[in-house]
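Same chain, two partners: chain A is paired with chain B first, then with chain C.
For the complex of A and B:
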């Protein structure tokens, strides 16, 4: 019932809600077109834009430098200009999920490549995403996995892989920890370089999630991707991302999506199901715009860009520093974005970005803080 | 305790006619309204030239260009004296508004800047995976019940240090007092959307705070013309505004050239920094005392390490171990706390610590902020006798 596709009504309010949630807002042209096309076609286009997204992203990639403030600025600019805003939203979603921050990684190239890997798989297959993650030096550095010697398997890192990145706290056994750590032995990050040292890898049999084999990190990614516990966590996190940060959904709501997601691992399909649903359209103003969503949303609605180097710093002060989530747990989101200080900064930023321009909403209103 | 003093006075004005002077005195005694001001001395402060053992031959022998003599120091007793640039600090000290905890450090310091600074700021020395700073942890704890509360602020110019890393709480950076000023936001009726009501209520309180801060900042203060003193002036205004802040974090030194990391040509630069420090803190305390707020405030310095006893041949000193922690406030037990490190028993060329910095933290958390210190530090530390009871 919950996930039944929404058909009617379809008006300006519904279309604006859809674009706010998944595309940082819509400009007047996009909104008119959405009204003419109806929900099914509009959602399809948000998921698979007709434009050459790959070419756009190649161009943006070429602009990126190895300075963190500049990387941050280029990403914001990419969000403002991209023909595929949902892809950037999902890249940001996974950035929060993995919580990889430059303060631990301390290597701009690794950070740049990490976000690019997230973008490459953000709406793709979960096993491919995890496959990239288990060979991503930024992840190793951020999650305390720089060293994985065979003589002393890194159980701290294994615990992060299990508790933070995959099945979640309470969903794994001590055996999963020891054997995941063993699966990662021989994979190190040393002196700013990725090292795969086969002689330091424990090639013996391991049992992870109840399955035994001579597992490697790639095998861990494959096995973890299929775990129902991970599917449930992802569905819950996406529910928070797209539907509501206020209501904790019941298992009955989560279970049907988690089951099909665990079977096909198709992130894009999962997101599509959520966006088409009745519950999606029945839950307006149930999320707080993140600082990035707030700023990029105004720019996309107006169809303008602003200097993103200072904007990146300003958003960091409002609690969302791109390339630097606070901890491995990512950004808590929801009400945590709004406190007695940030509401002042957010309101000032929004009114300043809108300026004297014609705008469909009052940027100083409390309603404007929500999506 | 989420009520500010003003909330309390407003509430009590209806409840009973309690003289406001009494209210203030009663509440100032409670840890719920005490404010901690942390001053990070970036780079590793040379404690030996702050609290100088001017009669000690070991000191004299190893400090060729940096030695401060009996004639120069501001004498505390017949063995120790403050750096001559710290005249204003000495005045506070003599007025009973300042103290110095001597010989503070910790075991197994790596003596590298980022590592040692991380150790002091996470309060989990050696745990490279520890995710949060101690100030950030306190922010998470204090805002757990009300996510709209802002118990902690950073006074810039300074980017967020590790100490302020929190899991959930967003700690604001205050550049100038005008940043806090917003147009009035009137309360609205409940909307049926609790999230929207939360935003509205937060805006209303924010605009009340904004007015309180404007009022507090309308008075001119007498501060030296230094960035550090400007930061303390902002801090004093925020404290005066009584908007629920419990910890304010500032920095002095910048951790680069011109900071406390004086490997070469230390003499003049260190003196300039100490003058800024002493002048700023004294102006801050004077300002607070005018409003009877000194008893509500504790200022504490942290620095990643002290420096070596011996000069390094470049008129500077190298990374050391123990150093003094400076405290200022109206409820301190004045004087020197703990012995000066024995220069005949060095820790790899530097003064050896006898007091763990986490003991100082534990004391401040428990006695000053009313917090459960093991929850933040991971274990129980013996406290230090810092406060007048």
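For the complex of A and C:
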């Protein structure tokens, strides 16, 4: 099985699988249209919708406030209503990848801007995404990089950047750590503001990933993006996201895609290749939906919009608190979503969403008691 | 002449009361408590039908001014909205034909027919075994007779066509003729210009018996009903039996709510009145011009013991009139003896919740370990006043995106010379601590300062707007500049400097006379409330979209309804106390709102 395009007959099962993975789910009309259009056109439409996505996102951006529960509610509403669900899925993917949580950032404005940055680059170029990340105050605060004085380069933050956000553990040297830390000196987050202090920046030569220069955070992002190890990590993570959490892909599967991705750094193209592949359509039912995917999927399938403010809190109870991943590693995902408590909660949630019952659940209601 | 907006409020209130009562009856019926009874009346002209209503009635609704309800029910402006009336649209062709035929026979349109049918009032009663009766007084006996003839004749023809021999039956009971035109699911009789309608023959007969026996065995003969009627001020409106009162007073869900110290402080005495085992609870609604008043009286004396802290000990004492400040939205005046309240805390809210422990810890820090009961709560007298007012933002500072009204609480100190210093120290400690906490989180701190205003030096804390990029969209924290002021014997804690200065002026006026027997007085200015809602229109609409899952149009419509209702309510005041030694409350509205379209039916 390879990344060659899917050639088998196109039927409702395949279309439903595609929409579940890519767009949270599909209603009957969307499925009918997908069947009529065929896989190529459908995937193209999912990647590049005809609707004015920018206008929709501008409208939603304008609604966002600096209250974390409301930010959470608006994002869920955006996921339910967006004409570009894949973009939100990928934003959610990167949110888990960077694992930036409000409990460490303590600044709703930074969190809002962080998610907006992820959305802006979610299907764009990896170097642009990393370029935004290395100037994102939320990332600095979450990864312990609030202070980066020249006198004491913050190696802890550098290690997080290397191990968590880019090449991964075992793929960098001690020199990479010390010089990455030096590259970030002079960039601080103090008093709730991003501060760039040129006099505090170490302007001397540094060697990162074997390349020497007077590197800055932007240079670090550019150098990191080109690392094959990062490309492999991204491809593996996306394999888990779109194809299977159950099967660990062999290097033979990952390597060809990682090579092409490292060459162009185009996340959208990488996702498109995966979605069009035989592997994608050959692996249904090998993922556990996250609570957000479960709830949004039901709502999109039924075409309903539920009160997202209480829904956000309920999803947090089920283990997925938007804007608040548990650690820098994000959500573990897979079977970790399921335990004795969450399986009951997920059943109740699904029952209520399908029944379009009120939120939050009334503990005195018979259905609550039954569940 | 009341305006249409007022009528809507009247109807809404009536519906709310009826829903509450019916809900109670249904619940009680399920609990097999057939003795609970409720009597409700809406404001307006009423005809006493209580001597026709059997004493077994569980719930009685006396509708005065029923013609106005009919007017509203057929008002296109009302029925066009998404309401119960608009959703009930019989669309069958047969119904349309029947209605047209009826209009032709009666010589008037359908709304006018209803108007004449219930012109002088309607009483609806529910009884045991799901029985219902209704008594309506029409404009004239001839009209009723003609209407009955038309209905019986048309139905007979239809029944004959369908060979339904038992569908129309005519019989007599106590010399009164009654009919069924539905084969036994409906019974009605006409006596003069009154029509009696029942869903069961026994229920109809019970009404006819009461009528024939001059009210013997009727509701009118019940002593408790008459007592409630007198206490409510003329028209008996609501009487709740002990069983129903216990049901109403039963804690719902979270029992901890009952132990909330703030709830205990605010509601002490009133909950006891609801829980009392004997007596009655009566409600009276009255409408005079634009003034709608609802009076509740309970057969319960002022509570004694731990909840006595909320009741004046002297006969001429009580809560003071509310403070008057510019841009006032709401005001609350309370009589609460905080010393006695806190001294009885172990009995009033025995559970030591984490919030209570936190409160006591912080008070210990702020008041330097002084005895909270004796030296802090006991240092202020029971006259407490709260005021909420809209803000005018200083252009030199800027305007927050979300505009929160200013609020303040005013105490009267027993020993101003001593407690002014103690409270000032506590206040400064509290805001110093706030600054330290905010500093630990790298958040902007408050600048503590003092200012002279009208000869009073007060202390305030304010955020500096200097580092804010856009002064037209400031953070919500710029709604606050907390202040403390000592104005003679009064101690003022306010959320803004502006309100503090307004209160300094208000408190310079001579001390008001207490409201005899009143221990709580709440006033709300609906127009100003609507104004403040309107100012925050966008954040509220967006919030509702999230909370209710609505689209923008629905959220805007809901918001507009709230604003309109606030405007309709006009000036509302709630007065609670025990003016005659019995617990009572009075809610009044000075209704005003936009003019509504008049229906053709009511034109002279």
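Brief remarks on what is shown
One rule holds in what follows: the second predicted complex is superposed on the first by the 354 of 371 C-alpha atoms of A that agree within 3 Å, B and C clash if a C-alpha of one lies under 4 Å from a C-alpha of the other, contacts with A are read in each partner's own complex, and residues count from 1 in each chain.
Simple rule for what comes next: a contact is a pair of C-beta atoms (placed from the backbone, for glycine too) under 8 Å apart; a residue touches a chain by one contact, two chains touch by 3 or more.
Being a predicted model, the structure only gives us computed values, none of them experimental.
When both complexes are superposed on chain A, chain B and chain C clash.
Of the two partner chains, chain C is the only one touched by A:192; chain B is not. Contact with chain B, but none with chain C, is seen for A:288 once the two complexes are overlaid on the shared chain.
Look at A:307: by the touch rule set out above, it reaches chain C but stays clear of chain B.
In the superposition on chain A, A:341 makes contact with chain B only, not with chain C.
By the document's definition of touching, of the two partners only chain C reaches A:65; chain B does not.
In the superposed model, A:328 lies in contact with chain B only, and not with chain C.
In the superposed pair of complexes, A:317 makes contact with chain B only, with no contact to chain C. Which of chain B and chain C touches more residues of chain A is settled by the count: it is B.
Once the two complexes are overlaid on chain A, the chain A residues touched by chain B in the first and by chain C in the second are 364.
The part of chain C that touches chain A in the complex is made up of residues 253, 441-444, 475, 539, 542-543, 545-551.
Taken in their complex, chain A has these residues touching chain C: 63, 65-66, 70, 73-74, 77, 106, 190-192, 304-310, 359, 363-364.
In the complex of the two chains, the chain A residues touching chain B come out as 103, 144, 156, 245-246, 285-288, 317-319, 326-329, 332, 335-345, 347-348, 364, 366-367, 369-370. Listing the residues of chain B that touch chain A in their complex gives 128-129, 131-132, 136, 143, 147-150, 153, 162, 165-170, 172-173, 179-180, 182-183, 188, 193-196, 198-200, 202-203, 205-206, 209-210, 243-244.
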